[in-house]
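A single structure is presented below for examination.
Letters are used for the chains, namely A, B, C and D, taken in the order the chains are written, and counting of residues starts over at 1 for each.
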Amino acid sequence: MNEIFKLSLIFSTIRLSTPLLLAALGGLYSERAGVINIALEGLMLAGAFTAAAVTHYAGNPWIGLLAGILAGMAVASIHAVACIRYKADQVVSGTAINILMIGVPALLSGAFFLSSGSTPQIPKDNLIPWTPVVIAFLLVPLTWYVLYRTPFGLRLRAVGENPGAADAAGVSVNGMRYAAVLLSGALAGIGGAYLSIGQSSLFTRNMTSGRGFIALAALIFGKWRPVQTMLACLLFGFTEAISIQLQGVKVGGEEIPNQFIQIIPYVLTIVVLAGFIGQARAPRALGMPYQKER
Amino acid sequence: MLELREITKRFGDVLANDRVSVVVEPGTIHAIVGENGAGKSTAMRIAYGFYTADGGEIVVDGEVRKIATPHDAIALGIGMVHQHFMLVDTMTVAENIVLGAEPGSAATLDLQKAAREIGALSDEFKLSVDPEAMVENLSVGQQQRVELLKALYRHARLLILDEPTAVLTPQEVEEFFIILRRMREQGKTVVIITHKLSEVLAISDEVTVMRDGRVVGRVKTSETNAAELARMMVGRDVLLRVEKPDARAGRTVLSVKRLTVVVRSGGERGLRDVSFDVRAGEIVGIAGVEGNGQTELVEALAGLVHASQTSGAIEFEGRDITRTDARTRHELGIAHIPEDRHRRGLLLDFDLSENSILGVHYREPAVSRSPMLDTAAIRVRALELIKDFDVRPANPDLPARALSGGNQQKLIIGREFGLPPKLLLVSQPTRGVDIGAIEFIHRKLVGLRDEGCAILLVSAELEEVTALSDRLLVIHHGRIVAEVDPKQTTNEEIGLLMTGGSKANVE
Amino acid sequence: MKLLRELLFPLVAVAAAFVVGGIVVLLIGDDPIYTYKLLIGSALSWPDGIGRTLFYATPLIFTGLAVAVAFRCGLLNIGAEGQLYVAAFATAWVSIKLGGTVVDVFGTPVNYSWASLPAVLLVPLAILTAIVVGGAWGAIAGYLKAYFGAHEVITTIMLNFIAVALVSYFTQYHYKVPGDPILQTAPIGAAAHIPRLSAFIPGLPESIPLNVAFILALLACALVYVFLWRTKWGYEIRATGANPTAAEYGGISIRKQIVLAMAVSGGLAGMVGVNEVLGYHHRYYDSFSENYGFTGIAVALLGRNHPVGIIFSALLFGMLQRGAIPVDAFTEHVSKDLVQVLQAIVILFVAAEAAFRGSFGRFGLLKRSKV
Amino acid sequence: NRGTQTADDKSKVHVGIVFDIGGKDDRSFNAAAWEGVKRAAKDLPIVLRDVEPGSPTNIEPAMRAFAERGYDLIIGVGFAQAPIMEVVAKDYPNINFAIVDGVSQLPNVASLVFKEHQGSYLVGMLAARTSKTGTLGFIGGMDIPLIHRFETGYEEGAKAVNPQIRVIQNFVGVNDSAWNNPGKGKELALSQIGRGADVIFTAAGNSGLGAFDAVEQAGRDEQGHARRFVIGVDSNQNGVKPGFVLTSMVKRVDNAVYNIAQDVVNHQFKGGFHVFGLETDGVGYSLDENNQTLIPPDVLKDVDAAKQKIIAGQIQVTDAMAK
């Protein structure tokens, strides 16, 4: 048993937390501004596919990363326009984007790389295994600072709490929301890029496998605050790391079936949501389009 | 300083502003008066860039200006304090004040500097508030000061105040007027919206009167009087006294004993140790500044507060109903006209028939053979209700959303009267309702009382509670601080009690 | 007139989706006209196209109804996918345990059952199992929302993962025929099979798996209509969705309605198991669902959360699914994922429009949710 | 979906292939099948079209799409397609079908099966001979019988060399996304490396590529030799990360489908079993310029001796699927 608890577990936890953290911080900006972002999964997929495809063609992961960020923002802008301009229900719009992003990368991959299942593999020299990790963890204090120590952050929070008040104070509610949703697309895009050109070396169909949703859960668990959200992401990363280490380990002579180990993060998410979130209060205007009579 | 020329604004079928022209001279306090719905707020919101006018123009300091957003208005030195405060509850006073006009660079928010500036401003205008305090922990009066500071912080030269006194007690109103006069002395211009004539006469230099979306008059305050203004406002002579015979109170229907309600979030609010009785055939009024526990009281009596948040006892016709749910209480004969008809009272997307059975939808006659709804019977009843309570338009298939506020209110009242109730809990029965409907509703309430129903009435309109009630309880900080005879007590005395002054002080 | 208006927006949304999809097809280097001809032509040919379109529409009607019932209560049930998996497994389990001797994948007769019930008992029992188990799985999310405030969108997604893992565990370790390379259970008893419609419709070949479940789906539409608009329970669910605070005021327990709505929703999703297990695979087959649960969201939205609308939109999505593979096979570059893109665009258009009309109600639960 | 809409030459033999979940570019199992049909399309008068179904539900429609249009040969890749092919093939007795990894008794279906356990045994021996730590790794996609056939063969081969050797086995997931999760594959490999494994055999489709990244990340020692090795599967994956891939357990799916297509063109199609084992080089390990230096000649000699013994029946490798 104790061979499990080693330094490698810590690294594994950090690696597995990174995409969650990037997406969750993205979600944080969007949700603090009042726009539910259940589309994180789709935004990550956009980033993952684009980063892999562009890195393959350009032979340069930095261009790939940038492309991943832009792709995340582009898809986020669909969510933004639907929710902000057309006042679509934010959960439904997010769900649509998630479905869209299962389809689009596969469609493009099929068209460009002859297989809708995966993109070509990228050589090791063109991978960026650590940069996104560093970015993710640096973003935590940065996000804290932006949120609580800059005019932008003040406005962002105001828009998510009481858009009417922000509007009356001369803040452009929709402008702030567009900025926030685009920012969330950028960060989720980095998270996706990390999956395809950091953690592994290609894009495969639906490769996020639910990470966007776990990130959202982490954001809620972290009560929409950057540091707590990071801790939540580390917790989820840790459960996943442990679940990997636990595979094949015998407990009382019996091997724990794989399936039971794999559902640990999901069960944990539910337990956390149901049990621990308790008094957490979402940004008050979360989910409500700002409708101003004209 | 500010001039509106021929401003027109339509909301769907409602012509809210019809070629409205207002001239506000610099350095004056200008009052805009009019009844509910006259279009006062709309006109001023257009001046502040909150709404866009369909026609007309805005002139600031002699120049025609385009004010498309509040941002434009702020840049022109216009500030506005809205009828419903525009504050972010979860932020501090300082954060609220600087929001949108932050000191420091884009990369840093210099709240220290802000606090200093706010301090200077509060000294200048004697508007003391703690910049570090969380807005949600402030009293309404303090929140209003924050709103004023917000405008001043943005160097507003013109302040538009939309019904600033509605939430204040008479004493607070006095203090507030002192502040306004001080502002005038400092060279600021003030527009104050109100429909209380006494206030107009006390504070303003000039008055613009509005009715039905139009400006019907503009006079110097020194050259007019209350009667003239009232006639302009209403277009006829007004009589806002409710004619009612003395109550013949019978047995005790409701007995509240040491009722306490704890509100989970929101610090001070709640209800503490409240005891009183309501007897059959009387109207007991609750007077108090909004947010002093009235909502909690009514909701607790209606069974809408979770048992874990309450202590004490509620007896109805001698039976302890403290632990029963809303449905049981309704079945026992407790009807409830809620304070917010959109939040509680109606299913806006449901049609009138469907709304007419809310609360009795599961039993005779809405349901004939369990569990099917008897749509024919429901329709017949809805048509009856619509007729008896003069709900217009008289079409049971319309969604409730399509009705005006007054008609929505009549629908709710009709539904609750049809229970029929032994005890009626009624909150803000005439809020946002036109004069005709107010009279109708008042008559209905008195009629119900005379049939022997016990009525508990909560209203923010002091005039209304004093006129309708047979007994009046004053609530302050969640406690009943006094019981007074509405016929024997002046509004000033009640006002003092509402702010926490003792009864001894009054006598 | 009113009907026309109701129909207009969905039609516009579909048309818009096809236009956007066509542009995508053009951009990736194929002919949109040819592609759509393949898509629609394959779906509307008789009997193969139409028969299979209806077969694919069947689960979508169920999941569409499931999503719609939850929607009417102000809830977004993204968990239909998990609900239909557990329900399908349970249905298979009952039909194996009470279905008598079967012939396994190797052609040998085996008996995994405790009893051998006749079809008149077994089929209703198996259907009931699907409804109850799907409903129970749905009710978990309802319960978590009602009593712990856990948002149903997150919990249902998590429950989907858990459902998939659990049924895969049981299939693999307990109910698979030893030696069968495929992750599927033993076959169900023949008494549990429900007839294919080819038995009743001349000209429909037996190879078309369209079965009695389709009739059940239409029946479910009628029942859901009556339930929502003609019973006191439906009134309470809709009132909760339209304005929970007003519902509470009207003596309705919001918590109970949330649990009830999720249970009914899950039960409807569970009916997919009837189509797939009793009507088609005749066993529990791992990963059988082609995202039926998620597509149900699109079906419900496009169908305006109304049973009649759902029938039409399920048919449309059934067509798309039927046409997807021919498109994949016989175009140059386009893969079947085009269909997913079309679906997503439809949802986006409809969503933006639904909010415009305020169809969730001003105080709907959805808008207050803490995601 | 390679094919043209206009030039549909009726005189040619029409071949439709339905891939497995991973998609044709998994550089492994599907890639081998794709390689085979592509070669056939180049050499022979064939019109080739393909579908990547992406999920099991699309398999039947895919086969029927070809069958309805009168294709001459329909190839299904992956064991999961077998029962579906049975159903479809029954409806179209005049069309030839071939199923890779699956079994059918129908006369118009050719079952192309491989003795993966035999090939796995040999790479197990190679792994054990290469391992310095005495710990090996195995990463499977899903925990299913076919994958256990790889695992047991591998373990038996390793134990034949070193009875004390330990094999850590992990599976990527529980549903078909398990074949498409390279990130998880990499984490599993890193965890195995952390626990001492120095040769890792993958049978996990695209997910296995994560293990390739993991051993590459472990780097090389002072002499420039890889510290950790991976063993590829199905296709010859030696070139994916040269120097880090000890060998690949090749499964000549390419040859199998090429031959069946050729049979159809030559009107020589035969249904029933087509078994590919060591004796026909249908399975085996790959040796090329990428890994020549990694395996000493004496090891090769021993492994080849074992191969002969297996062919001769002197060594019986357990077939986990026969259990």
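Annotations
Definition applied: a contact is a pair of C-beta atoms (placed from the backbone, for glycine too) under 8 Å apart; a residue touches a chain by one contact, two chains touch by 3 or more.
Computed from a predicted model, the values in this text were never measured in an experiment.
Comparing chain pairs B-C and A-C by the number of C-beta pairs in contact, the larger count belongs to A-C.
Mean C-alpha positions place chain B and chain C at a centre distance of 48 Å. Distance between chain centres (mean CA atoms), chain A to chain C: 28 Å. Rounded to whole angstrom, the centroid-to-centroid distance between chain A and chain D, based on C-alpha atoms, equals 34 Å.
Separation between the centroids of chain A and chain B, computed from CA atoms only, is 43 Å.
Residue positions of chain A with contacts to 2 or more other chains are 106, 110, 116, 258-259, 262, 281.
Those residues of chain B in touch with two or more other chains do not exist in this structure. Residue positions of chain C touching 2 or more other chains, listed in rising order: 165, 168-169, 172, 333-337. Pairwise, the chains that make contact are A-B, A-C, A-D, B-C, C-D. Touching chain A in their complex are the following residues of chain B: 11, 48, 50-52, 69-71, 73-74, 80, 82, 85-91, 95-96, 98-102, 104, 106-109, 150, 154, 265. Residues of chain C touching chain D in their complex: 31, 34, 42, 48, 52, 105, 107, 164-165, 168-169, 172, 178-183, 205, 207, 285-291, 322, 324-326, 328-337. Residue ranges on chain C touching chain B, taken from their complex, read 230-233, 235-236, 238-239, 242-243, 245-253, 358-359, 361-363.
By the touch criterion stated above, chain A contacts chain D in their complex at residues 3, 6, 8-9, 12, 15-16, 106, 110, 113-121, 124, 127, 129, 195, 199-202, 204-207, 209, 240-241, 244-245, 247-248, 258-259, 262. Interface residues of chain D, counted against chain A in their complex, comprise 1-2, 19, 21-27, 30, 52, 54, 143, 168-171, 173-174, 177, 180-188, 190-191, 194-195, 206, 209-210, 212-213, 216-217, 240-241.
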